[in-house]
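So, here come the structures, one by one.
Heads up, the next two complexes both have subunit A, just with different partners, subunit B and then subunit C.
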Partner chain A sequence: MLEHVYLIPLLPLAAAVTLVFLGKEGPHSKMPFLSVATMGWCLLQSSAILWSAMTGAAHLPYAASMPWFEFGEYPMSLGVLIDGPAAMMLFVVTLVSFLMQVYSIAYMHGDPRFKRYFAYVSFFTASMLGLVVSSNLLVVFSCWELMGVSSYLLIGFWFEKPGPAYASKKAFITTKVGDLGFYLGMLIIFAYAGTFDLTMLRERVAMGAAYLPAHAATAAGLCLLFGAVGKSAQWPLFIWLPDAMEGPTPVSALIHAATMVAAGIYLVARTYFIYQASPLAMDAVAWIGLVTAFMAASMALVSYDIKRVLAFSTVSQLGYMMLALGVGGYSAGLFHLTTHAFFKALLFLGAGSVIHSVHSNDMREMGGLSKKMIVTFATMTIATLAIAGFPFSSGYYSKEAVLGAVYAHSPAMWAAALFTAAMTTFYMFRLIFMTFLGEARDHEKEHHAHESPALMTIPLCVLAVLSVCSGWILEHFGLVEHLFGLPSAVVHGAEHAAKAVEAAGAAAEHGAAAANHAAGHPASHPAFLVPAALSAFAAGLGISWKLYASGDFTTATKIKQTFGPVFTLLEKRYYFDDFFLFLVDLSDRLAAACFWVDANIVDRIFVDGWGLVTILLAEIENFIDAVFVDGLVDASGWVSRQAGAGLRTLVTGQVQEYLLYVALAVSVFIIQMLTMR
Partner chain B sequence: MTNLLTLITFVPLFGALAILAVPKEKTKAIHAIGLIAAAISFVLSLLALGQFDKASSAMQLVEKAAWIPSFGVNYHLGIDGLSLPMVLLTTLLTLVSLIFSMSVENRVKEYWFWFLVLDVGMLGVFVSLDFFLFYVFWELTLVPMYFLIGIWGGPKKEFAAIKFFLYTLFGSVFMLLGILALYFTSTPHTFDITELMKLHPGWSESFQITLFIAFYLGFAIKVPAFPFHTWLPLAHVEAPTAVSVILAGVLLKMGGYGLLRVSYSVLPLGFKWFLPILIVIAFINIVYGALCAMAQTDMKKMVAYSSVNHMGYCLLGLAGVTATGFNGAVMQMVAHGLVTGALFLLVGVIYDRAHTRDMSAFGGLGAKLPIYTALMTVTVFASLGLPGLAGFVGEFLCFLGAFQRFKLFTALSVLGILVTAAFFLRMIQKVFLGPLNQKWANLEDMSWREIIAVAPLTALTVYLGVWPRPALDLMNPTINNMIQSLAAVFK
Partner chain C sequence: MTLYHYLAVSAALFCIGIFGALTRRNVIGILMGIELMFNAANINLAAFNRFLHPNAVVGQSVSLFIITVAAAEVVVGLALVLAIYRNIQTIYAEDYNLLKG
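Let's turn to the complex of A and B:
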């Protein structure tokens, strides 16, 4: 089972390739069943791996590899490294992908590119699975990039429309900005540690300055973090995620729950040992997470697009995970990643069900749908309770773990995170209330609304069950520590981190907390943390109920008018989009300027200019040649010609004249002789 | 076969001479002769690959005979891990270019004649181990290129041809001076490159620097390295499709090959002296070249400028002077040959149909031309360095190799990757996505001839991207040896 784990990413890849090349395309193509069946098989395998990991039957971490290629003295290997988080991610990814594909059979049925859709989804899932299992950072990066391409293809799936065409490009470029960070991080890591193999890297980092000195660890950590920021849509690169909604809705479920955005968090977790070697990078993770969680939640407060609200909530929850990782709550972060996958997939698939039914994203055109779509309503409410942290739901346990870890690190950060939790409860119930409760605001749409087919509702129900009980199971059976506990080999690193912190005179609690978590003993939290979280939940729910449950939004509108500028700021997403558009514009201008220089200066002056100078020199030379050199030649010719012409008058051809000349000459000669004497 | 390299090099010449004997109306016969000659040359180069001992870094399949004994000029051929990839690239690209060129209808006989002569020159450059011979082949490439651009090119073909010819000639004159200087400095006088490689310890630094600059002018113009790159966009835009493929795919590689074979190996102190400048030039090539490409609306010109960017990666890999970087540089040359070759072919495909290359004239072709779109998308992603495709391997190794020596400029060069992604995706968006421009409602997808020309390049791009081992194993021993033998100089 574990020894064939490499098949889990490879089979979906094979399915994707098969779907591209074989079979007939069309709205009723049968080929997609190949993709679904493959994913089903992968889900079974992953479940078996997870089960043996949970029961302890499988000895983790499991590693295996084969040589890939060599350059210089360095070998690169293709391999798998399965630890607790990887086993869990395998299960989560295959489950969400499988359910989403089943759902898509109904949702995408009738699309002219039905087959291609499943090819892309399979490819997408394969990339994520490859990223999860790979033991080599270079392969992780490769899968990371391939995922970027698959998201490009899927977000732009309906590419005939300008919206998706633009959004797909935006998503790709924005995440590519982050990827540059990943790229640089790899350059740094390789320059110092000389390997991309995660196990070997972990050992070398643990050796400290011999391989990765503190400043290099910080640089590498920050660079990798920047990569994660792009992929996981963290501040300030979150701008692509709301636009990514242009893709088919099930794809959003896949992107937001299991693939793509989860990859950033997973990367930070996978390279956690580097962060442990650098308190600064660790703090950066925490701060990025906190800022993102807060900002995204605030933007969700004012959005009317059901998918955008969910998109912002994803960003915010990912911020939570980053925050947890950054404050040393390794297991808490991964725990939240897991539970979030279930309820967020459920929320998106539920939203897809709603959109499928009413053909609109705008919550202002919905309302009162609970009567017509009872399964969707019930399951989405369960997911909302989970994301809001309602007691004993999955989100409750993971969020408590996150908040506890944050409190141990910094009470001020905890307070901000708690406030974010209250906002989360507020906007999520706002979504439920606006969509399902009250009276229908658009009767035309309401009239056509209907519950979705079983292929769509069954996945919702499965996810709903997991949203309820996954937290309790993982917590109750001690699986959080068992699966997500930091492996013992890293304790070196943690101690090293702790020492570094002390040496730097930084906050001693930080190191202690990190070391504490690393050693597998969660710090005991003060008793008031749980009541505080519950009151935040109650506050969010209460305000939301007051403003939105009745279907009468006058109070909400009044508040909006009172705080106009704040709303505008939030609706404009803190002007980050405009800022990035400005950057794009700037780079276009820069490009135009470069090309101008190239065409007019480098080429025209230096190259054609050379040519001109040469031609000019030739002209001058020609002039000198014609006037002086040739003139001299001509002049000598003229002189001889003139001389010749003068002399010619003497040469007449008359013998008597010649005789006369002779006679004259002889007489002159004789006279001279005579006078000399 | 003892004369394998001779055969590979001169079979196309026999083809060219045979074409001369065919009446010009018989285009089918001309095509057949040309294709057969190129195919034989290609198969023979595969045979050479089979006979090549990958573990050895020595010159192999060596042929040596006295040519002009009084001047010590020998007919000396041989290949190692550096030249064999280039030979294979040349024979392959010539073959696919000729397949694509079957659509040329104007003055067919001369076109195929010159094309095959060009092939001889290029192959000769890569297999020569004697400077005299090297120079003869180097110059031999110019003449056919001049005619191919000047007769079968676009609206400004004459200007482009003359500019290309004079510019490259300007560079090679300095190279000739360098060759003569090497000849007269060596005792006994020799043109033998392998002999000259051993002599550098006896030469002063200033001598090596002077000669380095002379050779560099010749090579940098070919690469092309900033600021000697401006002939390239013009020549590419004006050249016919298949000639652009050869120009980008092979002729530019002569520059990179020369830098490794001559500048680095024969004049190491000069090369070392130049490194701080080279890294800046590499950076400019990468970022500035990419930005210039982003400013283009003509697809072909954009691809041309992207070559400036891609060859910048090569220079970056060279500047690292590590086995990693050199592997990257050679790999990048191979990948660029395949990928940019395919890109030029694909741009040619759309130009043949639409008679325009202006991106904004298109739109929404994605649903209309599925095969074309698929091949173009894969090629574009290879060009922007997507892992799993050949472009990434070379590019990444170049960065990896350079970063060990020059951190700042290497890190800054990473920006080029972003810009490359931006302009290629914009091209995809403008040409293939969005609503279909009704003007092109009758456009036809690729013909078999075009698919046969492009598909091998695409297949190799995917293969070498996923499994770069065959290419890297070929070059790695040679490169390791090159690095180790001069390790003391570059410490």
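Let's turn to the complex of A and C:
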């Protein structure tokens, strides 16, 4: 199975191309089933790979490549590199994509561009899978860009509406800014290490300063981080993700919750050896993650759009993963990435189910839907418990792992992360309470509300099961260690890893394979971590219950009035959008000013002035030409004309005159001959 | 009778001939003047032969050639005159001015 892993990205690509060019477009097109079937096959293959990776049947990392082209003296290879995280990501991406496509058959049915939607989704999935498996950083970058394109296409899927059109542009341009960082990072890496192949790169980086000196590692790490910041919607480039919710909801579930935004995290994890070589870059990852997690969670507190809340929550959770990676909790970050993909996809698909039913995004117009939509309510509640870290749900394990890793690095950061976790619990339950509990606030909408068809609820149930048990399975069977453990050879080089090893010392007696990885194992941390997390959960749930569960929001409104400026700040998203617009405006004005200088000074003086000088020179030259040169030409003409006029009087046509001239000439010759003698 | 007498006659004849050729309006007359110049040359040749190299006949033979050639020349000349006359109905040389510049 593993040797045919290249099929996993290529088959959806083929499906996408087929869907684009073949078959009939229409609201009831049968072509999407091809896409779903392809993804089903990919899911089977990925599951087989993951299973063999879990059981240890397959020896990871598995790498295979073929020559691609020669870049001067540097050979480029096209290949796959499957390690534990890649195997897990393959499974997650294909699973979420498959479920989301099944869900979309019902959700998008009747859309005039039904076929095209699936073509885009297949194309996106192919790009993402290509990114996951590729062993060459150049291919990773290509897939990264292709994902940007497909994300653009899918956010702007309803491009005839102004909102999605604007949002797709915003998302594309913002991520593009980040892509610049990725590209620069790649160039730095190539300039120093001379290869794009991840395996070779890892070896060369491990050799230390001979290939990648510390400052270069820092620069490369920061640049790659900037790329990840753009793609994973981290601070300060998080502004595009909330707007990306203009796309179809299943797309949000696939791209902007479970997979594409995870690509940034995955990239950092994939190039983790570079960060290990640079403590500064590592700290930057951690701080960006923390800031993002906190800010996004706080913005989610006040949003009324059900999808926006989830979008902010996604940003916040991605920040968590970044934070985990940054503090050395490599496996904790990837663990959270996996579990988050399940419950966040579930939340989005559930939100899609709600929106499908009530035709509104605004939570203020919902309420009391639990009676009408029991499956959606149940599954979304499970996902909410998971994201909030309810004991023994998947989020509980992964969040504990993250928090443990953070605590090992810095208790202050841990406190901030814990506060963020409390906020997460609060806003997630606020969402559940406002949507499903209380009395219906908009009776007409409530009246039309109904449970979604089975095609939509079955994926919800599958994801709900995974949201509950994936954490336990991964944790209980030691798969977090097995799949997400760092290769030990690299660990020794870096300071952070050394710290991790130190922390692991305490855990050594537990007998776990914690030698190269301590962060993320709850048992290795102080005992108060778990109770602290649980009390944060309880606090968030309690406040949320008090304010929103009854359907009576008077207390909430009162608080909002008391802290008006704070709410405005949060609702305006810390004015980051305005800040970026201001930057754009500023550059616009700067460009206008430069244009003015160019048009009025540079053009006037240099261009127009030079033209004037040229005209003057030309006038002078013209004068000389007309008077002197042409005079000479005319004079020569005049002379020959006059000479001709004089000579023509000799040519009379009278033969006898000619004869006379001959006679005269002969006479002259004779006289001369005679006199010369 | 010395060589000079012959030469004098010859020169006179040549002058008469060239005068005729230069001044006659009639083309026939011009041709006649040319004939006179030929004959002046013939006299010279015969005289030089007689007085300078009496035993040779080179000069006289050349004279004979010239007479023959002159006859041929006159034929061509008269044929030209006839051809021109047929075109422009005149034998006056001043009217033959096609070559005028």
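Simple rule for what comes next: the second predicted complex is superposed on the first by the 564 of 677 C-alpha atoms of A that agree within 3 Å, B and C clash if a C-alpha of one lies under 4 Å from a C-alpha of the other, contacts with A are read in each partner's own complex, and residues count from 1 in each chain.
FYI, contacts are C-beta pairs under 8 Å (C-beta built on N, C-alpha and C of every residue); 3 or more make two chains touch, one makes a residue touch a chain.
This is a predicted model, so every value here is computed, not measured.
Asker: Who does A:L660 touch here: subunit B (first), subunit C (second), both, or neither?
Answerer: Only subunit C is touched by A:L660; subunit B is not.
Asker: Which partner chains sit in contact with A:V633 here, subunit B, subunit C, both or neither? Use first/second/both/neither.
Answerer: Neither subunit B nor subunit C is touched by A:V633.
Asker: In the superposed arrangement, which partner chain does A:W68 touch: subunit B (first), subunit C (second), both, or neither?
Answerer: first
Asker: Of subunit B and subunit C, which one touches more residues of subunit A?
Answerer: B
Asker: What is the contact status of A:T652 with respect to subunit B (first) and subunit C (second): first, second, both, or neither?
Answerer: second
Asker: If we overlay the two complexes on their shared chain A, which of subunit B and subunit C does A:L187 touch? Say first, second, both or neither.
Answerer: After superposing on A, A:L187 lies in contact with subunit B but is clear of subunit C.
Asker: Per the contact definition in the header, classify A:V607: touching subunit B only (first), subunit C only (second), both, or neither.
Answerer: A:V607 contacts subunit B only, not subunit C.
Asker: I'd like to know which partner A:G156 touches here: subunit B for first, subunit C for second, both or neither.
Answerer: first
Asker: Of all the subunit A residues, which ones make contact with subunit B and with subunit C?
Answerer: In subunit A, no position sits in both the subunit B and subunit C interfaces.
Asker: In the complex of these two chains, what residues of subunit C are touching subunit A?
Answerer: 18, 21-23, 30, 93-94, 96-101
Asker: Would you pull the subunit A residues touching subunit B in the complex into a rising list?
Answerer: 68-74, 138, 141-143, 145-146, 149, 152, 156, 159-162, 165-166, 168-169, 172-173, 176-177, 180, 183-184, 186-188, 190-191, 587-588, 590-592, 594-595, 598, 602-603, 606-607, 611
Asker: Which residues of subunit A touch subunit C in the complex?
Answerer: Its residues touching subunit C are 647-648, 650-656, 659-660, 663.
Asker: Of all residues in subunit B, which touch subunit A in the complex?
Answerer: 163, 166-167, 226-227, 229-231, 234, 288, 291-296, 322-324, 327-328, 364, 366-367, 381, 386-388, 392-393, 396-397, 399-400, 403-404, 407, 410-411, 414-415, 417-419, 421-423, 425-426, 428-429, 432-436, 467-469, 472-473, 476, 479-480, 483
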